[in-house]
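Below you'll find a set of structures to go through.
Look for chain A in each of the two complexes below; its partner is chain B in the first and chain C in the second.
Let's look at the complex of A and B:
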């Protein structure tokens, strides 16, 4: 059963001090339903990612809460959690439900409210994605883990901070054209290098911001779309998910994300495509180094050559393989539990030809979401022209 | 802090750190495992870990979690033991600097809320 994307939406990413987890998700869900020309009563199953709500809101059982407030309290519902890949896992649940013939309509998405808490509390909550004993107890923060990966990568391949900074420069520029993006200012290499250090060698502009945001997508079976006369152009061609050791220290190569390689291989095989077929990509640039590792894991660059993408313009909107035309996590923002579906929202708009940084006639789009330092990865391949 | 980690750190503090080796495939790992993470068999044997290791990666933390927020900046070290396992800890060094490839000795410090693994350079 082919799964099609009937509607997508994200809220504005940034600060929503007067909203809440349930309200912000409802905003995204209702906008996605309107985009699909469907209503809350049509939802049979609902899967939503949320990472730190238990800690920030003192509220678990988030799946049922969101279904309730979206107006689908009779639907099967569940909150999914795989750290920063939580929403991608939600999307996979919805895809599986429809592929298996168990449902015709699934609302998938995610939400995270991060701004109300202080930076230390958020840093503490995000650190829960790492190994509490082997990493957090040593005082290793989340940016710190990526800093370790960056140091090894830069040392082994002779890459400088300037080349990492080129990723931020590209994604900030893309973000200025995206109305929902949190960061609406361009930057330059010098500004990245001179921003305050967070975890050497990473500085503040190497890191994604703290973001409130929600995203949603309405998935339907092909048959249902025909019966209801829905205008669907994008289908899910295939997805893959893989894991790796929870702690970075347990990986043979510290500067390589093997879960991403495995998830990508699986997704490409299921979709019947290869990296050369991909026209537009949203990938997990939680830090500048993460984009470089990702373009290699996904097969767009040879190992050790990923930095070339942003430096030479190969990953620009008009480049060989456009990456993060939305501004990515670095500029669009990273509401952790929503990010995977936020990426699907952006790719869907690209394949439908209505993206603010539109790529010329894309047919195959790909999203890549990493949980933690790479212990989880989900890759989803979408196809236009359905 | 989990009881298994307290046990792990106390063994380091006693100068008798341990690791796990798979008798089936040779993979090495750290507690608390029953199953070999590589081959899936339950043939892990506890062995003594050497007390020195080689620095594989370092970072200096400038912005931290509440527990360590008042101690920034401090340096994190990931070190690889000859037996193959890696471990993460904080640098204890007068100069405060360390490079990849340098030799360090492992230690453990008891804090208010648990144990902290440390590494100090070997002169």
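Let's look at the complex of A and C:
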């Protein structure tokens, strides 16, 4: 049973001071349904990623809440949570439900409202993705965790901050063409290096912003798309999800994300493709170092050579393997519970030829979403021309 | 692709002052794997329900954490959350993953550590399952929500507290035979009525206790069970999950759980059975009134007649339709993130003929788990004799 993507949408990413979790998700869901030419009553399954809503707004049980507000009260609904990969897990559940023959229409998505709270509260809430007993208790939060990974990587492969900064320069530039992106201004290597230090070697422009946003995608069975006459062009070719130790301290190599390697291996195998076949990528650049680790885990660069991508233009929109044409988490923004489906939204638009940073005739797209420091990872391969 | 249950286990339910979320779940998971004659490395997918771990212990991302500690780091892992139905949602995802042909072995389960926190903190955390904007803000917490449902029901159908109390009397008695049950003493109608009032008309013995506990089940594909020579006797015949308004105020009838009716309708249809075919039931008796509403939603009693079940002995272990032979949430206990799979554990043992309150030759079993006041509900039909 091939699963097709009938419609996608993201809200504006940034600050939504007068909105709420339920309102923002409903906006994205209704826009995705309109894009699919379907109605809320068509939804049979609803899977929604949300990470810190209960911690910040005292609201859990958001699957049911979102089904209620979208107007899909009859649907099966649940929240999925894999930290920053929560929405990718939602998408994977939706794909399974359809592939299992249990549903024809699944709405998958995610939402996060982060701005209403202070930066300290958000940082503390996000730290729930790390190991509370062994990391948070030692004072580690995520900028520090990724800084440790960056330090090991830079030391092992002789990479400097200038090369990390090239990732931000590329993604900021991409973001300026994407109307939903939170950051709408370019930067340069010098500005990244001179931005305020956060956790050595990472400075402010090495880090993704705090973002309000929601994304949704309507997944349908091939048969349903035919019966309803839906114009679907993109299908889910395969996905992989894998895990690793929760705490960084338990990993033999801090500069390597094994969950991503495993998830990619499974996704490639299920999709019947190899890294060379991939035409466009949205990956988890929560920090500049994360993009470098990711392009290696996904097989686009050899170990230790990932920094070359942004420096030499290989990952540019017109490069060998375009990465984060949306602006990525660094510029588009990172509403953590929504990010995985936000990536699928961007890849779908690329494969449908309607992306603001359109690459030339892509056929295979890939999304890569990391939970925490890499304790979980989801890789999804999409195929155009359905 | 038929999904079979290869092994099940629950920890002791009650107080585990020297354990933790990761330890308790690992205990249940390893016991379920042993029951299945499988190893942690065999797990391809891990879905775990957990509701208030982040709120109480600052630990989210528990899917990955549990995969890590169980020894299944390569597995896909995620947390599912549908309030008190979180583990049932986990089970449903595991079934879909196998039915989709994406995995042969899924570990599904759930865990909740509730005792370490005070009753006020637990009550506040559980209130995250209700509508924070429209219910919690008005001072409603769950005993109050179910008390409202009870008041409407009792008024509409002329039912007294004595009839609600009969549910507690039955389930307490069943619990005394179940070694894992938290409450190990019988009660009588008078004791229920004289127990401390909580929210009129509900008294303390109308309410489930605060519980630490974990449960796990190993799901396998039929083909895998054959290849590995596993002795499986129980299969998943069908499941349904549905939603309703998050807030009680939006429902036309407070004394009716429509999500349960819809979930049951879907589960019966998929399993190809009707209520008359069901031989044994574990259902969501978080409060005495909840069992009465549930037996009606599931089609075992006409509307307004559910109280008859416990009063007349129709829902007793040797009755027409045995309900909560485990002791149910009222006596076995209710570790919220684990409850749905805990019910599946009990039903599996019944269908395998190894339950401490064994009913005579059951062939079809059913579990029913409610999220919040009924904004979500999962119904799972299991079949023996696989």
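Everything below uses one rule, namely that the second predicted complex is superposed on the first by the 386 of 386 C-alpha atoms of A that agree within 3 Å, B and C clash if a C-alpha of one lies under 4 Å from a C-alpha of the other, contacts with A are read in each partner's own complex, and residues count from 1 in each chain.
Basically, contacts are C-beta pairs under 8 Å (C-beta built on N, C-alpha and C of every residue); 3 or more make two chains touch, one makes a residue touch a chain.
Keep in mind it's a predicted model, so treat the numbers as computed, not measured.
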Report task. Name the contact category of A:119: first (chain B only), second (chain C only), both, or neither. Result -> first
Query raised in the report: With the two structures laid over each other on chain A, which partner does A:360 touch: chain B (first), chain C (second), both, or neither?
Result: neither
Requested in this report: Return first, second, both or neither, reflecting whether A:93 touches chain B, chain C, both chains, or no partner chain.
Outcome: second
Query raised in the report: Of chain B and chain C, which one contacts the greater number of residues in chain A?
Result: C
Query raised in the report: Just chain B (first), just chain C (second), both, or neither: which does A:139 touch?
Result: first
**Report entry** First (chain B), second (chain C), both or neither touched by A:77
**Finding:** second
Query raised in the report: In the superposed arrangement, does A:129 touch chain B (first), chain C (second), both or neither?
Result: second
Requested in this report: Using the superposition on chain A described above, determine whether A:51 touches chain B (first), chain C (second), both, or neither.
Outcome: second
Requested in this report: Please indicate which partner A:245 is in contact with in the superposed arrangement: first for chain B, second for chain C, both, or neither.
Outcome: both
Query raised in the report: Can you pull the chain A residues that chain B and chain C both touch?
Result: 124, 127, 132-133, 136, 245, 250
Query - List of chain A residues in touch with chain B within their complex - result: 119-121, 123-124, 127, 132-141, 143-144, 147-149, 151-152, 155, 196-201, 245, 247-250, 254
Query raised in the report: In the complex formed with chain A, which residues of chain B make contact?
Result: 1-2, 4-5, 29-30, 37, 56-69, 71, 74, 76, 78, 86-90, 100, 114-117
Query raised in the report: What residues on chain C touch chain A, complex-wise?
Result: 20, 46, 51-52, 54-55, 57-65, 67-68, 72-83, 89, 92-93, 95-97, 99-102, 124, 127-133, 136, 240-246, 250, 259, 262-263, 270, 371-372, 375-376
